[in-house]
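Labels run A, B, C, D and E following the written order; every chain starts at residue 1.
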Amino acid sequence: MAEPRDKAEGWYLLHGMRKLNWGDWNSADERTKESAVDEAVEYLEGADGVDEGGTAVYSVVGDKADLMFLHIRPTVEELDAVERRFERTRLAEFTRETASHVSVTEVGGYTNEDVEDGDLSKYARSKLFPDIPDSRFVSFYPMSRKRDPEQNWYETTRQHRDEMMREHRESGEEYAGRIKQLISGSIGIDDWEWGVDLFTDDMKHAKGIVYDMRFDEASAVYSEFGPFYTGIRFPPSDLDAYLAG
Amino acid sequence: MAEPRDKAEGWYLLHGMRKLNWGDWNSADERTKESAVDEAVEYLEGADGVDEGGTAVYSVVGDKADLMFLHIRPTVEELDAVERRFERTRLAEFTRETASHVSVTEVGGYTNEDVEDGDLSKYARSKLFPDIPDSRFVSFYPMSRKRDPEQNWYETTRQHRDEMMREHRESGEEYAGRIKQLISGSIGIDDWEWGVDLFTDDMKHAKGIVYDMRFDEASAVYSEFGPFYTGIRFPPSDLDAYLAG
Amino acid sequence: MAEPRDKAEGWYLLHGMRKLNWGDWNSADERTKESAVDEAVEYLEGADGVDEGGTAVYSVVGDKADLMFLHIRPTVEELDAVERRFERTRLAEFTRETASHVSVTEVGGYTNEDVEDGDLSKYARSKLFPDIPDSRFVSFYPMSRKRDPEQNWYETTRQHRDEMMREHRESGEEYAGRIKQLISGSIGIDDWEWGVDLFTDDMKHAKGIVYDMRFDEASAVYSEFGPFYTGIRFPPSDLDAYLAG
Amino acid sequence: MAEPRDKAEGWYLLHGMRKLNWGDWNSADERTKESAVDEAVEYLEGADGVDEGGTAVYSVVGDKADLMFLHIRPTVEELDAVERRFERTRLAEFTRETASHVSVTEVGGYTNEDVEDGDLSKYARSKLFPDIPDSRFVSFYPMSRKRDPEQNWYETTRQHRDEMMREHRESGEEYAGRIKQLISGSIGIDDWEWGVDLFTDDMKHAKGIVYDMRFDEASAVYSEFGPFYTGIRFPPSDLDAYLAG
Amino acid sequence: MAEPRDKAEGWYLLHGMRKLNWGDWNSADERTKESAVDEAVEYLEGADGVDEGGTAVYSVVGDKADLMFLHIRPTVEELDAVERRFERTRLAEFTRETASHVSVTEVGGYTNEDVEDGDLSKYARSKLFPDIPDSRFVSFYPMSRKRDPEQNWYETTRQHRDEMMREHRESGEEYAGRIKQLISGSIGIDDWEWGVDLFTDDMKHAKGIVYDMRFDEASAVYSEFGPFYTGIRFPPSDLDAYLAG
């Protein structure tokens, strides 16, 4: 029965959602705030300045989070360390992590583009060892494949899955240049099976691509979706302005 | 398989639900209360006074929230900013945001009325760039289309969906003049796929229209509903009276 | 497809569940307790003493709540006001509202008894504008009709629903004189579609009627039930004894 | 359609789960601890010493609770009173009730053993008015019968249910002498339909009986299970040792 | 209908997940921290140093926990005691247990390797009375068998289950030397039916084995999975470094 695809994995990702305790922040004295911001900016710039991987921070709209940190690192240990190091900062004391997703970049399975001369293609390497796009917005959501009686992804044939993924890719290609997609796998690592980041300069494109794809068989029939986070990227140096409301 | 409809999007919406910490509020000294109310009234009136979009505040009945803020803004950044700016007020320290919905107005898909001489009709523009109706009450709820084996909206034909939406519109027309409806999309943006605001001067009409529509195929078979919020609108200048119990 | 029933609505209901912070209460000084109790008794007696509607308080067994307030009022605004007014009392500071249900009384749909000489019958009026029965206990629960592929209430014929409701009424009639039932609708108003109050002097009758009805097609096949609250009514003047443990 | 069974009910049960605030407890001064323990031991021994019913306390393994109180009382009012009386103790201030189950003992329906010379048999009376067994461990869990399209307990025939319960009883009889079972009903009273207590001196028997029964049609097809609590009974006089870690 | 397998059980397991209150920890004075760490190291080393069983501690990536304690003990009482004893430490006051799983090792049912000369094989004994592997990482998750209309594990024949488990074992054997698996049962003991620990020196192997197995009938059709925890093991003596961020 089993027809799993061969996959290659790359770097690890942590999406960490944090809520701010605004009341405590507002009533902190200015010196505390200043030093907390300075330390946090230093943390964020240092975290993004690593040789391999990077770190980005987003303002999340709505109550689910205030901030989302996206960390990419070569190893689980480094991911754990960068998450934990933030907890030692002054700013962290005004926040708590309320949701997260741990995953690892992957390629393979559904495209031929991933292999070149018997080696990983440049395309594949850009997916496995990605830079975080500079795009203004991100739509992040975790998802899984359904395993219900009449809609069980893991009971379909490899050929059927290939066809569904081709349809899915074609829907995605309509948004080439407008959406940059980062797919990471979390089976055996976190509750949902995959994480999806859609980077874009116009959230209407994120809405458009997810809406269009929802009519693809792979989504319509075989996917269940977790929470969606809408984030606005800002450079660490704008943290001060962010916290000023 | 894919037959998505073409959509046009307009302004962004944030429904932000907040619970008050009444104990802390009650025991605050009068001067703190007064200045907190003054500042919040100024915030709310300013937020509603923007050139494009607006802001309304509702008292929510039941434990799910005390207050609901409805913000409409042309951009995600402005939405994020108006949400965050409130956190810097004194009143915010007596509240916390416990639920929210982020979405964007949309038209298209199921009516011909949306286009006129190849351009967006006046009707469509009123839906994309809406004023917040003055109605006394609002019933707000998020919803999604079902994707279950025998009831999968995204597997129906475009013609079938058109028919279902026509039936739905006809049910709605029975309430013309009694209910003003505002539909916004949140696919790729928030957890549910749509947000629905029913503005009315008599909550029994909101109950009536949702009850009647529940027998329409589009609702009966193909919809799942999130939490329903019943809100009573009040002008910012009544905030003082609101908080006096 | 749509065959909704005509309904008439009456007064609005709020079931408000509250948990006590017993630790804070226990360590409050006697003068604070006394004045908090006096004020709360005055609030409860005043709330029950309105010309139209009424208010009752119940001790809830188990962890879901300590107290349940049942408010009945002619308008949503009055419901909102009576809920909010409690928050300004001293006792409220020792409690928090952890669950609630907002609804409106309704008749019509499934009986002929509701109309008499073209007007609402006396029976119907007693259901729309009810007194809160004096019964010792209440079993309160919200419920909805199922909308699943093979068990979709909103896809059944009006005749089938009439038959199911007749069977249901017959089960209920076995408990005449032992159970007083109050049905209120919350479609478009709150998360569940209905609220059910079973007033009785012996909780075994509440268990009996719900058990018997569970074999009726309307319940067995077409209902889903929310949390059940078992409350013991007490007069406001016993609040002191209640809080003394 | 309805074929409910006749039931007889006896005493009421409250399973109350509590978590301890260990940090506060650890930092309390010795005199406070001593008097809190003395008062709680007195409460527990008094609660168990009632003429009808009894009270037992269990240490619960895992994070779901620290302590489980099992109260059995002839009336709902007494149950409510014994739950509330604890809240007035000093120890209660270091705990909070995080889960509970309210139910009433029942017999009838599926065995002939319950009636004797037209009266309740001695067996039935021992089930309706039970002593709490002295067993070292308890496995407590609430459960309901399924009401899904192809697995709806309330649509099966009475004969089919009799057969399923006979099979279930036979599975249970394999554990005679090793497991004492206490079944209580909570339809109309609490969220789940039944509560099950398995008293045993070896938790492996509790695992064994639930595993074996899971292959019985009544469980495999027609049951859904709530949380399982594994408790270790201890006499009130060991409370001191319990709290010493 | 019942065809349960004979099982043998061994030692009990507690997986205890804890979140740290980093803010309180950061602002504690150095002497408090030092003595808290010393005491916790002593606790952890003592807990691991027992004659039968052991204790390991993991740093958990993401928001679900900061630390996971894995305790293995011959009896439920010892498990309860080692969990409770931690609560008396200073470090515990900076943490709270937010999730857990209680289970017992088991063999039997699906392999012949478990019995040898009529006695438990060496293989079986290593599964029943296990050492905690030294592996760098653990993927821990609870799981249950599905009991839905068309995918009900407990309605399949014993032969079918044997075949499915053989397929599953073969998938697992691909990872021999890279993954050490520890299966424990929790039917009748905790909410999920089993707990699975995958010990590995490369989390990509944990992802790989769970992904591959998801195409096995036993997983694809008959399993539902709880939360997945990714843990990095560290020796108690590194607790100081862990807490330094």
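What we mean here is this: a residue touches a chain if its C-beta (ideal position, glycine included) is under 8 Å from a C-beta of that chain, and two chains touch if they have at least 3 such contacts.
Values in this document were obtained by computation on a predicted structure and should not be read as measured data.
Shared contact partners of chain A and chain B do not exist in this assembly. Taking the mean of the C-alpha atoms as each chain's centre, chain B and chain C sit 28 Å apart.
Separation between the centroids of chain C and chain E, computed from CA atoms only, is 45 Å.
Chain E has residues 148-149 in contact with two or more other chains.
Chain contact topology: the protein chains form a single closed ring, every chain touching exactly two others.
The residues of chain C lying in touch with chain D in their complex are 20, 22-23, 26-27, 59, 61-64, 66, 137, 139, 141, 148-151, 167, 171, 198, 203-204, 206-212, 214-217, 219-221, 227-228, 230, 232, 242, 244-245. Listed in rising order, the residues of chain D touching chain C in the complex are 1-4, 7, 9, 12, 14, 16-17, 76-77, 79-80, 83-88, 92-93, 97-102, 104, 147-149, 152, 154-155, 185-191.
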